[in-house]
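This is the structure, below, for whatever I ask next.
The chains carry the letters A, B, C, D, E and F, assigned in the order they are written, with residues numbered from 1 in each.
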Amino acid sequence: MKQTTVARRKLFSTAHLYRQSKFSHAENLAHFGACFSEHGHGHNYVIVVELAGEIDQQTGLIMNLTDLDQWLTDVVSPLDHHHVNFDVPEFQDTVPTTENLALYCRTRLLRRLQTEKAPLQLVSLKLYETDDLWVEITE
Amino acid sequence: MKQTTVARRKLFSTAHLYRQSKFSHAENLAHFGACFSEHGHGHNYVIVVELAGEIDQQTGLIMNLTDLDQWLTDVVSPLDHHHVNFDVPEFQDTVPTTENLALYCRTRLLRRLQTEKAPLQLVSLKLYETDDLWVEITE
Amino acid sequence: MKQTTVARRKLFSTAHLYRQSKFSHAENLAHFGACFSEHGHGHNYVIVVELAGEIDQQTGLIMNLTDLDQWLTDVVSPLDHHHVNFDVPEFQDTVPTTENLALYCRTRLLRRLQTEKAPLQLVSLKLYETDDLWVEITE
Amino acid sequence: MKQTTVARRKLFSTAHLYRQSKFSHAENLAHFGACFSEHGHGHNYVIVVELAGEIDQQTGLIMNLTDLDQWLTDVVSPLDHHHVNFDVPEFQDTVPTTENLALYCRTRLLRRLQTEKAPLQLVSLKLYETDDLWVEITE
Amino acid sequence: MKQTTVARRKLFSTAHLYRQSKFSHAENLAHFGACFSEHGHGHNYVIVVELAGEIDQQTGLIMNLTDLDQWLTDVVSPLDHHHVNFDVPEFQDTVPTTENLALYCRTRLLRRLQTEKAPLQLVSLKLYETDDLWVEITE
Amino acid sequence: MKQTTVARRKLFSTAHLYRQSKFSHAENLAHFGACFSEHGHGHNYVIVVELAGEIDQQTGLIMNLTDLDQWLTDVVSPLDHHHVNFDVPEFQDTVPTTENLALYCRTRLLRRLQTEKAPLQLVSLKLYETDDLWVEITE
C-alpha cells in the first residue's frame, strides 16, 4: 500500500513578464501589477520533482541520480538563463506564470520519462518562484 | 486527474501559553512543561495554504495573489502581534496549541473563501511553530 | 473527512558508503560513482515524520512532544554518529541508500508506535540526505 | 594575524511587548506600531555567538561544545519560554527591543566567560528576531 | 569600543544580462558564459544592510524600522520587477554584475542616509544573487 | 577605504571521527563524546570563502566564477566523499575537527591563489558542520 518516492530539487534562473495581448493596458495592469512591464524581471526558480518507483534490490536505489539530474537539466534548459517571453516559443501567446511554467516543465518531464522508458511515475512537481509562492501539480 | 494547487506562505508573530483550567498545577506542568506559565512566550509562526483551482486561460493564474494575500492577512490578523490567550476570545477556554491555532486559521479561511465565492478548494493548511514542528490539516 | 497531522523534524549525522558485494569494482563504480569507496563519507540527515491522530479535547495536542522526541531519538540512535556499513547489522549486506535508510527508520518507528500502543497513524516519513535530495515513504 | 572563531547558533522562544512608560499612548503607538499592545506577542529568537580562542593542539578544538552549549542555555534561560516584560526584572523599565535583548544576552555571556575563566574572547553576538531583522554587537 | 548594528534583509526580483559592448561576441561568451544573452535571465536578489548607531535610551531602538523599510524599498525600486539593462540608465554601459548592482544600491542608500540626516553609519551591504553567491561592500 | 568581496558557498560530504592517539579511551570519551568512535560518522559540510579584489572596469567582476568554482572544487576534493581519518594523510595524527578542517582548506586555498597569481585577498573562510556550528578564520 505504501509508496516510496525520491525527490530532487534544482535551481534555475529565468526572466519573464506577464502580458496578455488580448488585454488592454489597464487590464494587464489590473491583473498583473508590477509583473506587467515591457522588459520583464526575473527569479531564481526552484523545481522539485517526486518520482515513485520500485527500490532495486541490489542497488537500493529507485533510480540512478546521474540520469535523473541530466533529465532535469534538459527539462529546464530552455528556461534556465533565458527570458521565457522572448526565447521560448511556447510562451509567445501564453503568460509565463508559475502555473504555466510548471505545466511546461511537467510536459517535458513526462515526455522524457516516456522516451527513456523509465519505470517511474511522476507523483508531484513543484515550482517555487520564491520561498513564499509556489505551484504544485499532483498526478 | 491531475490537480494544480497554488501555495502561499506567510509569517506572523504571536504570544501564547498552554494552560488547561480543568487541570491542576501539577497536571498542567506534566502535560505542557515549559509551555505552561503565567505570562506566556511566543513564536514566529508560518502559515502555508494550498489551494486548488482552474488555471484561467487568459491570465495563466489560479487566482489573483493580491486578493489571496489580503485574505491571509485577514485570517491571521487576530493572532498577529497578539497574545492569543488574552486577546482572542476563541482561546479563552481552549489551549492555543499549534493544532488548535491551525484549526482556527482553517475555519476563518474556509469562511472567507465561501464569502468571496472563490472557485477554489482548500487542499491543505500547514502551521509551523518552528522549523522542527508543524501541524497540517489536509482536506 | 479532513485529517490532522503533526510533523516533527530531527537532524542526525551518519557515515556510509555504497558497495554491493555482488557487483564487480567496475559495476560498483558505474552504479554508485563517488559514493563507492573503501571508507565512506557522510551526511547531516534530516528525518521528518508526519503522524495523524485525534486532537485531545483537553490538551489540544495530537500527542505529547516529549514522548515523540524520545521515540525519534531512539529510532535514529543506531545511525546517529555511526558508520552504518560497519556499525549497523541491517546494512552488512544492504546498500545504505537514502531509500533503505528511510525504510529502516520506518520499520523502527512503526514497531515503536505499536509497542507504545500509540493511537497514531504514521502518514509519511521523509529522509533528506541534502536539501536537494530526499526520499518519502507515504503510507 | 589571522583569527579563528567558533560560532554557535541557538533558538529560543520569547514573548514581549514594546511600551515606554514615559510615553503617551499616542507616542507609544507612533514609535512602536503593532509591537505596542497590552499583552504582547512573540518570536522564535535565534542567538549566534562567535568566540575567538586558541585551537588546542591535542583536541583540535577551540572549546568543548558541551560546556559552550550549557553556557548559552543558561544565558537565554530567563528569556526562553518567558514573557520578558513580566518575567525579567531587567525589562521592567526597559523596552525589550532586539537591541536591548542582545545587550542583555551579551552581559550575561561576558559574565559567564569571566566566571568560567574561559580563555576565549567574545567577538560578536547576533540576535535574530526574524530572518529579516537582527542586531549584532561586535566587540 | 563595541559597535551595535541593526541588519535588515529584503528580497527583490530583477532581470539582467551580461554584455560588454566593447567585447566581441567570443569575448562576451568567454567572460560571461550563460549570463551573456540577448534577452537576459533573472534572480530573486536579497539585499542585507547593516547600520551602526546609538541605541535610543527611551525607545531601545537604533532606528525606526518603518523608515528603514521605506528607504530600502526606495533604494531597490528601480531594480525591483525591472530588467536593469533596459530600464536603468546606470546600466546602459555598465555590466549589471552582482558587484555593480551592490555598488548601485550602496550609492543610493548612502545618499538617502545623508538626505534624511540619519545618525547612522552604513557598515556593510550584502547583495545575494543566490544562496551560493553574494557580494559584500564593507565600509 | 571600503572593501568589496565576493563570497562563494559550496557543499561537500565527508566522514570523520575524533580520536587523539595520545589520549586514553576515557580521555577520548571525555573530550569527544559521541564523536569518538571506531568507524566515524559524517556531515554535509558547507564552505564559504570571501575574497577581496578590484572590480574589473570592463567585466564588472572581481573574478571569473568558473575559475573560482574550479579552485574550490579542488580545495575540498580530498575531503569530499571521503573519510578524512582514513583517506587524508594530514589527518593521520590530527583530529579532524571543524577547526582543523577549516585550517586545511585555508592552506590549500591560499596555495592555489598564489599558484594562480590571483590578484585576490582571502578575507574569511567559514566551515559549517551544521547550521548550528561553524568555524571562521578571518585573515
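Heads up, the rule we're going with is that a residue touches a chain if its C-beta (ideal position, glycine included) is under 8 Å from a C-beta of that chain, and two chains touch if they have at least 3 such contacts.
Because the structure is predicted, anything quoted here is derived from the model rather than measured.
Counting hops only between chains that touch, chain B reaches chain F in a minimum of 2.
Shared contact partners of chain D and chain E, listed by label: F. Minimum number of contact steps separating chain C from chain F: 1. Put simply, the chain farthest from chain F by mean CA position is B. Per-chain Cα centroids separate chain E from chain F by 28 Å. Look at where the CA atoms of chain C average out and do the same for chain E: the two points lie 42 Å apart.
In chain B, there is no position where the chain touches two or more neighbouring chains simultaneously.
Pairs of chains meeting the touch criterion: A-B, A-C, A-E, B-C, B-D, C-F, D-E, D-F, E-F. For chain B in complex with chain A, the residues that touch the partner chain are 1-10, 50, 55, 58-62, 64-66.
Chain C contributes residues 11, 13-16, 34-35, 37-44, 80-83, 85-87, 130 to its touches with chain F in the complex.
Contact residues on chain B toward chain C in their complex (touch as defined above): 18, 20, 22-23, 31-33, 94-100, 102-103, 131-139.
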